[in-house]
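In what follows, chain A forms one complex with chain B and a second complex with chain C.
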Partner chain A sequence: MNRPDRRRVPEAPARIAAEHGPRGRLRRAGVVVASMWAHGAGRFALVTLGLWILVSLVSLFWTPRSLWETNGYAVWAKPSADHWLGTDGVGADVFSWLMAGSRTDLVIVALTVLVALAIGLLLVAAMTSRAAALAHGSVVLIDALISIPTVLIALMLAVPLGASVAVIVLACGFGYGLNLARVARPSAMLAARSMYVESARADGASAMRVFATHIVPNVMPTLVVQCSLSAGTAVLAEAGLTYLGVGVPSGVPSWGHSLSTSVRFINIYPLTVLWPGLLVTVVVVALNLFGDALREAADPLTNPRLRGDDGHRRR
Partner chain B sequence: MSGTDAVADAPTLLEGVDIHKSFGRGRRRHEVLHGCSIRVHEGECVAVIGGSGSGKSTLTRILLGLETPDSGVVRFDGEPIGSPEGLRRLRHTSGVVYQNPFASLDPRWTAYRSVGEPLRLRRARHQRMDTDELAARVSDALRLMALDPSDFLDRYPIDMSGGQAQRVAIARAIVTGPRLLLADEAMSAIDVAARLQILDAFAAVRARDPRMGMLLVSHDLGVVQSIADTIVVLHDGVVVEQGSAAAVLDDPQAPYTRGLVAAATL
Partner chain C sequence: MIKYLARRCALFALALFVVSVVVFLALRVLPGDLATIMAGLNSPPERVAALRAELGLDRPLAAQYGDWIAGLMRGDFGTTMLTGQPVASVVGARVQITFPLIMLGLLIALALGVPLGCASVMARSARARGLYQAVAIVGGAVPALWAGLVLILLFGRGSGLLPILPASGFPQDGWGDPAQAALALVLPAVTVGVIVGASIMRYTRSALQSVASTGAIEMAMACGMTRRRALTHVGLRLAMPQLVSVVGLTFAEMITGVMVIENLFALPGIGSGLVDDLTHRDLIAVQSELFMLAAFFLVIGLLVDLTHRALDPRLGEDDE
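Moving on to the complex of A and B:
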């Protein structure tokens, strides 16, 4: 039996108009999430990151124990009904500190990715500019700046700013933005020199419009993966920079803070290092898998469901 | 008065006069165009023919305002396109069809977005074109190309054949009702069957807009013969012959043109 072609509806313009409205965007977002959910890796990433956001929100109102509640008689306690993941060296509840730390790391990751994306897109725009001096100059600038280690930038920023979240966000955002621009350059150049961009220019499209509507969507798959890698690396960098004393200040809960305060006792009380370490590892893996799954699901070239195809090419 | 004479008496739409263009500097300087002149009248289809490297594409890009000539002038509707007003007028009243349809359509855009882009770009800032009107005009352009809008509006290039993609590209070029259509080797990257569909599509466009001028760049004399009113033969950056299509193809004067015609009949 022939299946009816559900795409063939009489009022094509009206259907297209609806598809480009808010409902259409919502439907496409639903297709993207469903496509990610259809794969194990995507499901793991969505669940993990969803839990991370949920726990961060809950920690604003509730933690099992107060962060400042300490018990000198129950230091380095093993997991129990009172302290689900045990206690640290001052008898504070490890689970509560990790819960509260999750929101600090979430803010750091979100801001770092935003800064990296802003710097990266600015540099990609410069590299794909039709002004040869700007295009060549930006490539040289990136090659020069990318050689400066992120840790060094963080140490320099810590002089005026002190140990703070801003140091991590600015240092990592700057470094990852340079990296993002360098990785996105080949696909951006391909798009910038394409016939469809020339066609848009011939129709009178401004450089800004060409960049926003043609170049960015065509480098988006690269950007998505690079941003997810940056997000994962930001979690690791938070831990590293906090351990060095230039990251999250003392007294502010973060996973890096939990790691740095307990790492000296890893030989005696390994569990207190294991929990934040495990958390960081799982979240970094989830972020990387999220990037891959989103790239596959949100790109119409790789996701036939976004093209309304259900996997069938219709030439 | 013959059809060709009628076309010659029509107002000049696009004119390139004594165009020189070179690339590279110093010892690597290479002159591609050596004083080419070309004229397209309203309602006329001018075909530029020549082999690879003859300068056809460079000439097209200069006529489109995408390259600046070293010397010479291009006028559209009497206005030099070197001026902002002339360039704006050319871009807002012309359409371009490129050689490779898959390269000239954004792979991540549906046919609706690609064909609708010139409409969105050309409307004045204070004008609003709602999605219904945009979709209706895009549908009309697709129908003229014998493509069913209900099937093609939300198709991506990856789901089209070469002929379908090229007809979508032509729909994009003519959706605004341009006064001038430039087709740069529009039929060289598609198979013979699709070529006939494209020729039919061009014929439909010309029937709809009889005053539209057309500049066709091609190395396929069969295509040129079936559609062109006037032929300009380009060889090594020089116009070696030009005249009515019948005169150039039936009685070529320049040795290079005779070679081209002889090669086409092999």
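Moving on to the complex of A and C:
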């Protein structure tokens, strides 16, 4: 494969950075995606994540075999035309279960990231607030609670909630939210102490407005990248927690479920366990690469195509 | 320094208190009555009532909390429902497996991660750098469960390609036969070590790179050191405080993997014990165990922060 030709990427308008409003934002997003696509790692991430979403949607309407179609005479079948990845211990089709599992994992990851983002932003708001007690208190709280592992929170929640998706989403969302706030702290504090925030306050802007228009845009780049990494961790956490019996309830398809059902019989049928593990690894790699590629592509410092006139001179 | 020490310890005490309240309330206030859950969903109301009275669950929350904390102070962590043994002794037996496992895993992780991280910074060709990068990213993306399975399939007795190591269980007499016991921990520890090693490799790399960006490496080379020597002697020394904090955080990350691994290899350690107690709805034991584990991690956090402070003299002067 020859190296991607940069000139083939649609040329950015000269003053893209200056464009405001939804139109400019959309165009900037287009440039970011095109820049990610121009690198091998970014392309791999985009393709994998796109496939993930596509497969999840398809699995809502169609899987090669019904999930509940089991055949006692064809347990642990080898991969064949009938069962693309073979069957598991009750004769259910492994491929179909993995397909259906991808939508559960997608939902879990999306919800986890949303919860984490909400908690992270709330903590950032508290850290940058002008009430000294609140600002100090939130920093102290984050430092203290961050050393408690997510899995302990999950086990705590599992006592009243039992095995459920909510346990994964809440525990991971909480843990990753603390992490987001910690990662965003430097840039948030820098913005909060800046001259433009001071002048906005002097102009009579409310605390809410200052937060929304000045602080959030400053921390968002860091947060988005970190969210992508957290999404990868969430997929791994789903697998681990489901195996421990506090994650996705049994009977609901998920990758962790596929992974753990085949565990007990690895001595006899090692191959079945290969697929879900490979799948999870590939997806987590893609999520990590996505974060890295996004960081490169969305930052005007590293991506000249976003810099508008001075970075992208017409020759 | 003294001021910092005092503040950090006060923070530790506060966090310990918050955690104890959270653990306590998580088991009581959230939906689902503790006694009903413990007795089982279909048990007769009399049994539930008896259990509630026995555990003191009918008393006010503050009194229950006070009793529990007072017990903890005396070293009384309650008794397990299943066998009637004190929780403290049960946990003590489990620690003897989990602690060596974590330590061995961490050692393997450091032995793998730090040299690989250094090598990835030292690599000159783009191809070599890409290869190291790939190792770090894929290593961090493998589910712990799966890594353990693959290792069992490779080296586990009974099913492996090279069946030399026990794939499950721990000797009945514990550490009575140290060689056997240690052998049982090899595969689990390697699993933990490989996964954690990948993240330590990433952290080492980024710490070294940030040190290099300050110009310290070039300075050392200008003074006549080779690049390798400058990185390993000057770079690592400067990156050390950062690495120590990272290893501390890795500890917290590790425990998820450790729980899964203990279950997979059927090791009766802290993690698998906690999950067992949870499935048996032995909630009094769960409450004390969760608190003990959380306290352990808070202690680790405290130690890491203090070490970080001691290793990086630049931090000591201005107390924010």
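The rule is short, and it goes like this: the second predicted complex is superposed on the first by the 285 of 315 C-alpha atoms of A that agree within 3 Å, B and C clash if a C-alpha of one lies under 4 Å from a C-alpha of the other, contacts with A are read in each partner's own complex, and residues count from 1 in each chain.
The rule we apply is simple: a contact is a pair of C-beta atoms (placed from the backbone, for glycine too) under 8 Å apart; a residue touches a chain by one contact, two chains touch by 3 or more.
The structure displayed is predicted, hence computed values, not measured ones.
K.L.:
For A:M195 in the superposed arrangement: first (chain B), second (chain C), both or neither?
P.N.:
The answer is first: A:M195 touches chain B but not chain C.
K.L.:
For A:D143 in the superposed arrangement: first (chain B), second (chain C), both or neither?
P.N.:
Touch partner of A:D143: chain C, not chain B.
K.L.:
Just checking: does A:G240 make contact with chain B only, chain C only, both, or neither of them? Give me first, second, both or neither.
P.N.:
Touch status of A:G240: second partner only.
K.L.:
Determine, under the contact definition given at the top, whether A:L122 touches first (chain B), second (chain C), both, or neither.
P.N.:
neither
K.L.:
Applying the document's definition of touch, where does A:L152 land relative to chain B and chain C: first, second, both, or neither?
P.N.:
The answer is second: A:L152 touches chain C but not chain B.
K.L.:
Which partner does A:A34 contact after superposing on A: first (chain B), second (chain C), both, neither?
P.N.:
Neither chain B nor chain C is touched by A:A34.
K.L.:
Based on the superposed arrangement, let me know which partner A:L54 touches: chain B (first), chain C (second), both, or neither?
P.N.:
neither
K.L.:
Of the two partner chains, chain B (first) and chain C (second), which one does A:A131 touch, if any: first, second, both, or neither?
P.N.:
A:A131: touches no partner chain.
K.L.:
Residue numbers of chain B touching chain A in their complex, please.
P.N.:
64-66, 88, 91-92, 94, 96, 98, 100, 103-109, 112, 114, 117-118, 121-122, 130-132, 135-136, 138-139, 149-151, 153-156, 158-161, 164, 172
K.L.:
Touching chain C in the complex: which residues of chain A?
P.N.:
Going through chain A, the ones touching chain C are 140-141, 143-152, 155-161, 232, 236-237, 239-240, 243-246, 259-260, 263, 266-267, 270, 273, 276-277, 280-282, 284-285, 288-289.
K.L.:
For the complex, give me every residue of chain A touching chain B.
P.N.:
Per the stated touch rule, the residues are 7-10, 12-17, 19-21, 194-196, 198-205, 209, 214, 217-218, 299-301, 307-309, 313-315.
K.L.:
Per the contact definition, I'd like the list of chain C residues that touch chain A in the complex.
P.N.:
11-12, 14-15, 18-19, 22-23, 26-27, 30-32, 37, 137-138, 140-146, 149-150, 152-153, 158-159, 248-249, 252-253, 255-257, 259-260, 263-264, 274-275, 278-279, 283, 286, 290, 293-294, 297-298, 300-301
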